[in-house]
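Working notes, structure below.
Per-chain residue numbering starts at 1, and chain names A, B and C are given in the order in which the chains are listed.
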Amino acid sequence: MAEIRLRNVNKRFGGVQVINDVSLDIADGEFCVFVGPSGCGKSTLLRMVAGLEEITTGELDIGGKRVTRLPPSARGVAMVFQSYALYPHMTVYDNMAFGLQLARTGKPDIDARVRRAADILALGPLLQRLPKELSGGQRQRVAIGRAIVRSPGVFLFDEPLSNLDAALRVQTRIEIAKLHASLRASMIYVTHDQVEAMTLADRIVLLNAGEAMRRDGSIAQVGRPLDLYHRPANLFVAGFIGSPGMNVLPATLAGATPERAELVLRDGTRASARVDATTLPADATVTLGIRPEHVGLAPADGTSALAGRASHVEQLGEASYLYLETPARDGFLTVRQGGDTGVAPGDAVAVTLPEAHCHVFGPDGRAVPRHLTAGPTGRPGSAGVH
Amino acid sequence: MRRVLPRLGLYGLASLIVLYSVFPFYYAIVSSLKTGQQLFDPGLIPPQIQFDNYAAVLGQGVFLLDLFNSVVVAVVVVAVSLGVGVTAAYALGRVRFRGRKLLLLSVLGVSMFPQVAVLSGLFELIRALGLYNSLPGLMLAYLIFTLPFTVWVLTTFMRELPKELEEAAIMDGATPWVIVRRVFLPLLWPALVTTGLLAFIGAWNEFLYALTFTLSPEQRTVPVAIALLSGASQHELPWGPIMAASVVVTVPVVALVLVFQRRIVSGLTAGAVKG
Amino acid sequence: MAAVPVACTQDRAPAPPTLAESRVRAAWLFLAPLVVLMVLVAGWPLCRTLWFSLTDADLKDLGAARFVGLDNYTGEFGVLRDPDWWRAVGNTLLFAGVSVAIETLLGLVVALVLDADFPGRSVVRAAVLVPWAIPTVVSAKMWAWMLNDQFGVINHVLMTTHLISQPLAWVADPSLALGSVIAVDVWKATPFMALLILAALQMLPTDCYEAARVDGIHPVTVFVRVTLPLIRPALMVAVIFRALDALRVFDLVYVLTSNSRDTMSMSIYARQQLVDFQQVGLGSAAATVLFGTVALCTALAITLGRVRLEGAAG
């Protein structure tokens, strides 16, 4: 009942385009995350849904009602701010009750709602405290409680975890996920942290910034988290989702069948990918992309592997990152390996690029369709490097 | 040695500053406690403390009345200025609208302009309203300087409140009036105290309008009463009572200022540096 | 309502105000009392003063005023042809220039002392606030007593230290009176200057000072090359505020030296014409010229001094 529908929504500040032509449907009960680089307007888009920023052109419906010009309080939405924005002079109880009082809700009803929210968030013993007497995590929970008491159809979160320390961030992230599961309300969540995006979202909306936003519109890609991971629509999405970022190698298209594309890397190494690149002209300049976790170490006798030299090695315990210098690209090729690889800086290392995990991007940066027959998490069939 | 000399210089300078700042007031107090011939002996410590001058000043009922007038005028003017100023400062500090800059400039302009420039127009207005030689007339006149000052300073304080707090209130369904009254006002108390205090001092000290718009001794404020205090003959001013009256008028203000030092300084700089 | 089809009312109903629209509406409502009061006590009287300056209005009967054009300005008895007026202009400019210059220098010294870290600093700061807190009329009377030619403590001290051989009439002597007025103003206004400069000093970043100290640069060089340029904007604002204040000086001069021609300021001249001589037209003309002078100075200061209004208006 609280589905959100944006149609050709634009935002300009003066003459400056901030949001370019966003059309988006968010289903009732869906957890949608807006993510993107700084300056992409993700917070602005959220604030437009909230009603704190005017929509320059376009329409917004919430729960089937046209709300484009309605003030925030008439939209049935509640918002949790980055700085929590608790009223410093009011107790926790009053912070949560304030909106209800303004809506002229009856006293017993207010009391019941505040106490229920306090139960959900374990705020019971803190109700008579002032915000300054609370820890960061507690303040965060009060901010969420203030949203809950109004039983809105839509919750809006503006980077709510960015002021918490790392441990608390993980804990609160899980609490928000549980809250979503129990409340079944629609939620829009803005973050710059892709881990939050990947873990919380039913769907991710990745936004473009700058020139790409003006050229292609604000939305870079919308999809389930693993869609964005496995089928990034273009180089920008490929680079943004996943950490460390995807390796990209300049290549030339040597041959294409509907099943497979043959590529030649800059240093002459041949590689293949399970993609359908038949729409691209022969000899097209393309980009081969492969995530660090999918690069394989070639066997010791690896005759047809991509040659490189370890420049730097990072040991994380459960994994190691190798940074390889290779003639196939400028900068480093990043390789993620489980456990300790025993590779030391300066060692010659040969790697394989499994064809099932290779992405190919055309000259315009758009992805070529992949075949994921083995399933997104399936084992690579065979080494793609010949 | 090279470290000690600058230190000594600093202390010397600091003592000089304290002496220079405080001595005239100290001397006024000393003089107010001397009577008769003692007054004409410029000793820095009164040979004996006598309150005859205070008795003389406060004994005339009219000075006490003037003191009361000053308090009433200043309190009313401050209350009106703060009341009008808070909502105006919210509008000027936190809402974007056409004409805001012009309005701010006019507020600043009025606070700068010489009070004598409106003297004849104000005189006419006050007489037309039947407020000549009355406290309400003075209150009306004083708004010309307390109001722009209050609005200006409160606007700078208003802008410093976090934006998200206001937005949270908007999401909670608060109207601008509710935001001012229930969210911002409780947070602005320190600023109101500061601004009110400075406006109070301004009204307490005002002289030109009080001199021009009042006639009878019963309607005067204390600055006029002190300025016009005269003795038996024209050439012999009653210095003892004048000093006593000065001390009476000044002690409360100095005490207030010293108690609220930090707030005063922040208010002064908010009013000026942001200009 | 019930009789009207719902669809129809929805079509015809004006769009409800958006958040921004209702905020702007509320803003004007909030500003209404301010605007009304400002027009009443400032705008209207200012316009009337301008009008009176073009008439032969008399204080006893303002209603009988007759339009006389620019007679009050340039006529035979006009302000601009009155040597007393030009004398008042000269006095005021001299007073403003000299007192503000001294106050700036002294204020800088006091601010630097207050910025230094030493025990007892708070005592000095409290002491500095005392002159600022004392009503102008009171400080004028206090100083008048100290400067008294027969019994004043200042003459007494100067006599006993043999700096002067006979008592000076500080306030009555035409050659000393304006100097005395300036001295009292400096005493009273230096704290204001010092506090504004101190606020600017305390906002300066400390790292460049530490860098300069590590590099062994002489403190005086640091002050001239680093501190002064950094506090220049705040200093300018303080100077402008004080200068505008000094240009309209009234109470101090009036109480210290009364209507003496040697010290008469523009404000005193205007009030004297207006109230004492009852010549509202002439007094209004003088007030208008003063207003113009101050307005011009303000405009110049805002544009030339690049005083940024963004602090409150951006």
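What we mean here is this: a residue touches a chain if its C-beta (ideal position, glycine included) is under 8 Å from a C-beta of that chain, and two chains touch if they have at least 3 such contacts.
Model, not experiment: these values are computed from the prediction.
Novice: Identify the chain pair joined by the greatest number of C-beta pairs in contact.
Specialist: By contact count, the leading interface is B-C.
Novice: If I average the CA coordinates per chain, which chain comes out farthest from chain C?
Specialist: Checked the centroid distances; the maximum from chain C is A.
Novice: Taking each chain's centre as its mean C-alpha position, how far apart are chain B and chain C in Å?
Specialist: 14
Novice: If you average the CA atoms of chain A and of chain B, how far apart do the two points sit, in angstrom?
Specialist: Those two chain centres are 58 Å apart.
Novice: Using the touch rule from the top of the page, what residues of chain C touch 2 or more other chains?
Specialist: 19-20, 22
Novice: Could you tell me which residues belong to chain A and also touch two or more other chains?
Specialist: Residues 52, 71-72 of chain A each touch two or more of the other chains.
Novice: Would you pick out the residues of chain B that each touch at least 2 other chains?
Specialist: Counting only residues that touch two or more other chains, chain B contributes 170.
Novice: Would you pull the chain B residues touching chain A in the complex into a rising list?
Specialist: Against chain A, chain B makes touches at 162, 164-165, 167-174, 178, 182-183, 186-187.
Novice: State the interface residues of chain B toward chain C in the complex, per the touch definition above.
Specialist: Where chain B meets chain C, its residues are 7, 10-11, 13-14, 17-18, 20-22, 24-25, 27-28, 31, 39-40, 42, 44, 84-85, 87-88, 90-93, 95-97, 100-101, 103-110, 112-125, 127, 140-141, 143-144, 147-148, 151-152, 155-156, 159, 170, 175-177, 180, 201, 204-205, 207-208, 211-212, 222-224, 226-227, 239, 242-243, 246, 249-250, 253-254, 256-258, 261, 264-265, 268-269, 272-275.
Novice: Which residues of chain A touch chain C once you look at their complex with the stated criterion?
Specialist: The contact residues of chain A facing chain C are 51-52, 54, 69-72.
Novice: So in the complex, the part of chain A that touches chain B is made up of which residues?
Specialist: Residue positions touching the partner: 50, 52, 71-73, 77-79, 81-83, 85-89, 98-99, 102-103, 146, 150.
Novice: Spell out the part of chain C that touches chain A in their complex, as residue ranges.
Specialist: 15-20, 22
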